[in-house]
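Across the two complexes that follow, subunit A remains constant while its partner is subunit B and subsequently subunit C.
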Partner chain A sequence: MYNILFNRHIGLNPHSLLLPEPVRDVGDYGAIATTGLTSGHQGCVGCGMVSGTNQVLRALKLSGKHVVASIGTGCNEVITTQNTSCWGEVSVDHNNFPNTAATLSGNIAALKALAQAGGVSPESIVNVGIAGDGGTYDIGLQALLAWIARGENGVYVCLNNQAYMNTGVQGSGATPYGTDTTTTPFGKAIRGNQRTPQYLLDLALAAGAPYVAAACPLWHRDLMIKAQKAAAIEGPCVLEVYSVCPEGWKSDTDVFHEITELALETRSWILYEAERERDTNTVLFTLNYLAKKYLPISDYLRLQERFAGMRDFPEMVRRAQEIIEARWSFWRPVMEANGIEWKEEARAI
Partner chain B sequence: MATVMAGNGAAAWGFRLSRVQCYPYYPITPSTSCSQQISRWVYDGAMGAVTINAESEHSAASQIIAAGKNVRAGTATSSKGLLYMIEVLENAAGGAIPCGLFIGNRATGAPINIWADHSDAYAMRDSGLIQIFAADGQESLDSIIQGYRIAEDLRVRMPFAVNLRGFTGTHAYEGVEIPSQEEVDRYLPPFVPLYSLFAPEKPVTYGAMLSAYPYRRHKRNQMAAIGNAAEIALKAGKDFAEKFGRSYGHFEWIGDRKAELVVALLGESAAAGEVATRHLQGKEGIPGVALLKIRLFSPFPAREIAQALNRAGTKAVIVFDEGLQHGGVLPPLAQRITAAVHLHLGGKGPKIASVIGGLGGSEVRQEHFQLMFNLAANIAEGKPYRPEPYWLDIDEDPIFVEQENQVSPKLWKKWGEIWKKQPRQEKYCAPIPPDTEEIRIYSRAGQGAITSAVGFTGAGIENGYRLVTVPAFGSERRGAIITTDTLINFHKERRIRSFMRAWDVVILYDDTILYSPEHRVLDGLKEGGALLVNTSHMSVKKIRGLLDAGEGRVRIFTAPAAAVSEGLGLKHINMPMLGALHKVYDKVPFDKALGYYERNVPRPREASLEAIRRGHAETTDQEIQRTRKERRLLVSQDFLDWRPEDHSQESWPSALEEVQIG
Partner chain C sequence: MQSDLVLRVAGESGEGVITIGETLCKIAAREGIHIVTFRTFPAEIKGGSCMIQVRLSERRIPYHGEGVDFLVCLNQDAVDENLPDLKEHGVLLCEAECDLPEKNPGWTAYKVPFDRIATREIGSRISKNIVVLGALSHLLSLPKETIEKFISEKFARKGKTVLDHNLDALQRGFDFARSHLAKKDSYRLPKGSGRKRLLMTGNEAIAIGATAAGMRYFFGYPITPASEIMEWLAAHLPKMGGVVLQTEDEISAICSVAGASWAGGKSMTSTSGPGLSLMSETIGLLSMAEIPAVIVDSQRGGPSTGMPTKTEQSDLLLALYGSHGDATRVVMAPTSVSDSLRVTALAFAVAEKYQLPVIMLVDQALSARLETVDRETVERLPQGSRSCASPADGAPFVRYQLGGSAVSPAALPGTQGGEHMVTGMEHDERGNFACDEETHTAMTVKRFRKLAAIESDPLVAEFCTRLGDENSEVGIVTWGSSAGPVEEALAIAKGLGISAQAIIPRILNPLPHQELKTFFGKVKRVIVPELNFVGQLATLLRSTYRIPTIGLTKVKGVPLAPSEIVEKIVEAESTLNARSTRAYGRAG
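Entry: the complex of A and B
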């Protein structure tokens, strides 16, 4: 348990209570001469994960540190390391599917041992773990929570595309309610995914993470600020990135922008961050974005054929709306503090 | 100068002297105390490694594989823990990461079983690791140091595992020579990362995905690299012998140079095999015998083993496996030796039979090896034998059968013709006269018997004897009756660490054990041996009466250990019992041992030392009158006869009577 405080200010936040200085807002600097993944990767057209990885890497490189990425098996690894490496000046350690956080932990230990021996300065390196939602919410959760609990210094990035896309769109612990996946098909008897996703960042906070943040590549300034903060804050920080997947979401490849905007306007993806002040056991929550419009969830379901089945079932759409409202009610104090009307009803039906 | 420690402690020294820099761990019986020891050193600042309290073996393995790219890394595990690691271990081999594992070998279940066999090591044999089998703590220590040298060689760059049998290896306390750090540093150069992740000027990608063409080439290279390890291991063993005086090869040939009969095996059970081999050597009517103790299991030195068998003129080999290959033709070691012989000797090779034993903590004793040599002799004489494995200690399926009705008709139908032609030969199977002296302690878990036995072992070793103490482990229960055995070997030149189970002294830390129907304390006690009992109210006469044993059968001593400890404010009775043991058994002189105890007894030292002295002084085989008041619960026969369904008892007895005990 922890005390909860809300940041009254909604918006981009390069400041942190845990850092002496704000991190760089890349928007203030215009073009940045860092690169993410190099050309030649095999990612799909319209892949959100590639953008996410690129932005994370570019943000981390802004610090001038050498990036050591411990990556888990999944799309991200397969499309970037097949027979050649697309990681440019980043050192990459791919180990296995379930052990991204353990591999990260091993590399952090190696860095510590090397620093003890006087070979490497730990300040010159940033250790980052990168995995998908399957490797984070499901098979890698044990290693991740243990890594957080041990309080090791690094960044963990979950590229969340809400199902097992690399193996052919099977339902994961991050799959939304009602989604049609190959293992939660929209059938006559059971209509798609019946569970609600668990919330990774809540788990991470409960395990003791000093900083957690949810971001999306569309709001790249926000994402890159968050990645820099996670790297600068001492301890295990977790960043979750919304990753559009045209293949798994059965959407057009050119609606990356629209889908993400709708996710934010329907509040089914929330850009927020939380930092934990250890001594007082207080967690400060900041809402980083509030869309001008509050749209019903049915709008979000429109562009993605994975939701095609549930669109015809009003009670399912209502349930999806309830899930969002229940989660969003957490932010009520911030909304009220800003004099923003709290809309209970945004239901389409 | 040897120091007394258990196999796990010796393995911990192996990691420490190798200057392991990263040591993640997850506890599992029976290898845990290796990790405990390392944690102790690291938390005390005596060892400079980075430890990680991993949440699973899977993560611990992932961590050594990650860290092993940049620093020297290692961990210890057993059984299911190793199986849990296997998923990632192939990444170590495929990624050419030279990290190290110490494995306290244990059965893998189901049924769950915490005791020793080689199932876990066999399960990992296709994971691409160099696998070395050690036979005791010393070999574990030495093999871990050599393991890093072999693994980190540029022609190899492969992970390695050092195996030691659980409990009889990992928990056996004996004298271990600890080389100095300077000597080890001269033998084992510092770890050199080939492609560091932390070198910004040269970024690197590990674990890339390869398609068929580069993949098959990579796998071929990987096979070549582990193959190279055989030659490098030989060189590493030779250099080790030069520096430290203990030589190691691919295998050890124990017994006659010309040996018609050979028993081949892996690891610690060789201790019992060695005793049987030495016993049979040169006996009338018995051809040359030898024990082939294989150390390097992967890469398997097939050609060398075939050549050795050929040179020795071997006619029959019995391969003893402590694990299975389910659904396979032969268990793993038998399969490898059979392949080696067929490939390299063709039709001229010896005949090979397989024996399975030692499973799930089953004892592997000298007499088992006598049976195996007997079987080898029969096979060498041309007798028929089974094309599938024999089993040790399966009542209805013995190796030799005297009479048909001993076994089920079904088995007789299958193997009768072979059994009829396979005689049990007395010259092989006659009992081996004990060559060592042995002490058994029966105590209740928590009484400190292991501490005192290890103390005694240390004192003996310091005075130039060879001692081994093996505590028996059950599932952890305070207050359960456990045994702790100590072997004293007076042969300076011969290594004996296998118990004959003929006790010179039996010690009871608790007199109630006399009443235990499960523990016949005189069983195995030599004629005229000594029984030492911690008791404050039983007389020698009473004990003799209870055991129904005459004066010639057993010498009985009593020690008032509880009273001594109570008087000195000690919680445990083990220190007075240690002193008492010296009174009963004087081959390890008490005055010399005291010097060791002065430096090594547990805190509070003064009281412990005084307890040892008093225990020694107050132990007697005389009748002594002790009057002491004891409170006893008044119970009626009705109460004792009471059963849950019986409602006749109206109240529970609660009165206490005070009785005089003399």
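Entry: the complex of A and C
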């Protein structure tokens, strides 16, 4: 358990309780000097994961440190390992499916020992673990929570495309309610995924992470501020990145922007961060984006054929809206502090 | 007219290559033609080259064919990659824009502007594959009405516009071929028996075989190339009152199987090598606690993440020995799609009857290949059930009875008077932890006596087959999907005047000792073809029977070719009269 504090400020937040100086707001994307994933990766057209990895790497390199990545099996691994030069000057260790965070632990532990022996300077390296939602929510969860519990210094990035895409779109612990996947098919007996997804960042906070943040590549300034904070804050920090997937979401390849906007406007994906001050056992929550239109979930279901089945069942759409509202009610104190009208329910469904 | 046709369609993933191949298969199955296919998958999530090879025949065939009679290429890369496999007098049907080598050994080439017809005339680039089907239907005299019916079924849900585009594409492809291509070759669709055959992949056969055996509880985790088993079951098992639960990892999947099976339900999981590695500890628990379970491993290129979309038979030693301690388990390996149906049912029969884990090994090529199956196969599947106790009132229930049969009747949890504990600890007859000298010895013997009983059970009698000339001194032992190329190789060798024989056990633990000893007593050379580097079956045979073997191993991610086996047969035959030709079979 922890005490909860809310940041009244809504929006980009380069400041942190846990850092003496704010991190950089990179501004215009074209003006960023660092490189991320370079050409040669084999991501699908319209893949959000490529942008996510790209932005994380570019942000981490802003510190001038060498990035050492531990990557788990998954889409990100498949698309970046046939031509490894796409990682540029990043050192990469691809390990098994269950243990991205465990490998990260090994990297960090060896680095400490090597530093004591005078081999390398830990100050010159930033350790990052990158895995998908399957490798994080399901098979890799034990390793991740144990890594957080050990309090090691590093960044863990979950690229969340909400199902197992590289093996053929099977449902995962992060798959939204009602989604049609190959293992949660939308049929007469069972209508798509019947589970409510877990919330990774809640779990990470409970395990003791000093900093957790949800981001999306559409808002690169926010994502890159969060990646820098995760690297700068001492301890195991977790970043979750919304990753559009045309292949698995059965959407057009050119609606990356529209889908992300709808996710934010329907509050299906909330951009926020939380940092934990250990001495007072207080967690400060900051909302980084406020939906302007409060669109109903039915709008989000439109562009993605993975939701085609549930659109015809009003009770399912209502349930999906309830899941969102239950989650959103957490932010009521921030709305009230800012004098923003609290909407009990989104526009009529 | 030829009785056998090997047709290959090649292009880029996403061009509809597989749809062309599958449609041909469906037509052929309906006509009663026998089919075996082979397909490759790109490593990329989207794009990358892929192909499907379909062998169609009037008679039963064990293999997808080595050279290609009729090659269909959708782009230049496909031509460059696949032309070397075209037989000397084969046929090439390709995109009009493709450049062909000047030197033509004798094949016939037909060019059709598939791209132009699809893009310009129909206005839908993705209908290109249907244009190809139209052209093919003219060249091979396929029943066009049947194709139209399939297209209507396939696209009915996508609306009238999409359906009309595709029917138009079929007609235009057909018309172009009829008016521009003068038929210069003699290839046609082979003649079918007229008796419709079932068409399914290896993975579908496993899922169907399991449900036919009464399996209603499935637990799994996504992994290539086994995921389709779970996907098929997720779509069909709930309708039969069954449960499909996707767990968070393979450890959880196998432990859920343990829970469901203990509760009395026929339960199963399917995975590939990395998953079987994770399940190893629980295989020991299932053995120790005497809980039935069926574990399917569709093998892929390893070790580690390896080559997920490529085939290999390199998990045999893991299946035989994985898990610590003296853990009993049965290991089975079907050889074909129809065999997968039967062996899956056998796996449940044996697991339930003997209360132990059964690991069934297939591989990527077998999992993904489409094959025609005779309807009778589904109707005659092996059956077996668990022996259940009727606990006597008052007396404590004895779950692990010593003496008498190695299998003691189980009481399902919740049975009045049958309360008991199953445990991974060594235990006495009632399940109490016991680590004294006598108990561990007696219980270990009890568990291993089951394997001896299985070996002589009539249930497994027909699951070891002999092929070829029983008097030949050149012998082959193989397993799993390598049986197909071996059967084909025996026929080719016979044509060359060289006799050889083969034995193919479906059960690899316990091995069919009597059959193998008889076999080794007759042959002077033993070739062991298999798809792994170290020769895993050969290692097992050498250590069990103390015989020398001639290894034929391959780790290229594709099945063995019959010609590679024929070469070994010829080589072994030529050394028959050389020095030290002692008969095998004295040891073991």
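To be clear about the criterion, the second predicted complex is superposed on the first by the 341 of 349 C-alpha atoms of A that agree within 3 Å, B and C clash if a C-alpha of one lies under 4 Å from a C-alpha of the other, contacts with A are read in each partner's own complex, and residues count from 1 in each chain.
We take it that a residue touches a chain if its C-beta (ideal position, glycine included) is under 8 Å from a C-beta of that chain, and two chains touch if they have at least 3 such contacts.
Predicted model only: the values in this text are computed from it and were never measured.
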Side-by-side fit of subunit B and subunit C on subunit A, or clash: clash
More subunit A residues in contact [subunit B versus subunit C]: B
Subunit B versus subunit C as contact partner of A:141, first or second or both or neither: second
Partner chain in contact with A:271 - subunit B first, subunit C second, else both or neither: neither
Partner chain(s) touched by A:117 [first = subunit B, second = subunit C, both, neither]: first
Partner chain in contact with A:78 - subunit B first, subunit C second, else both or neither: both
First (subunit B), second (subunit C), both or neither touched by A:301: neither
First, second, both or neither for A:98, with subunit B first and subunit C second: both
Touched partner set for A:247, first subunit B, second subunit C, both or neither: second
Partner chain(s) touched by A:87 [first = subunit B, second = subunit C, both, neither]: first
Touching both subunit B and subunit C, residues of subunit A: 77-78, 82, 94, 96, 98
Residues on subunit A engaged by subunit C in the complex (per definition of touch): 42, 44-45, 73, 75, 77-79, 82, 94, 96-98, 134, 137-139, 141, 164-168, 170-171, 173, 182-185, 187, 189-190, 247
Subunit B contact footprint on subunit A (complex, rising order): 66, 68, 70-71, 77-78, 81-85, 87-96, 98-99, 101-107, 109-114, 116-117, 120, 124-125, 142-143, 145-146, 149-150
Complex interface listing, subunit C residues touching subunit A: 43-47, 221-224, 227-228, 230-231, 234-235, 238-239, 244, 246-250, 274, 278, 304-305
Of all residues in subunit B, those that touch subunit A in their complex: 21-22, 24, 48-50, 52-56, 58-60, 62-71, 73, 87-88, 91, 196-200, 203-211, 214
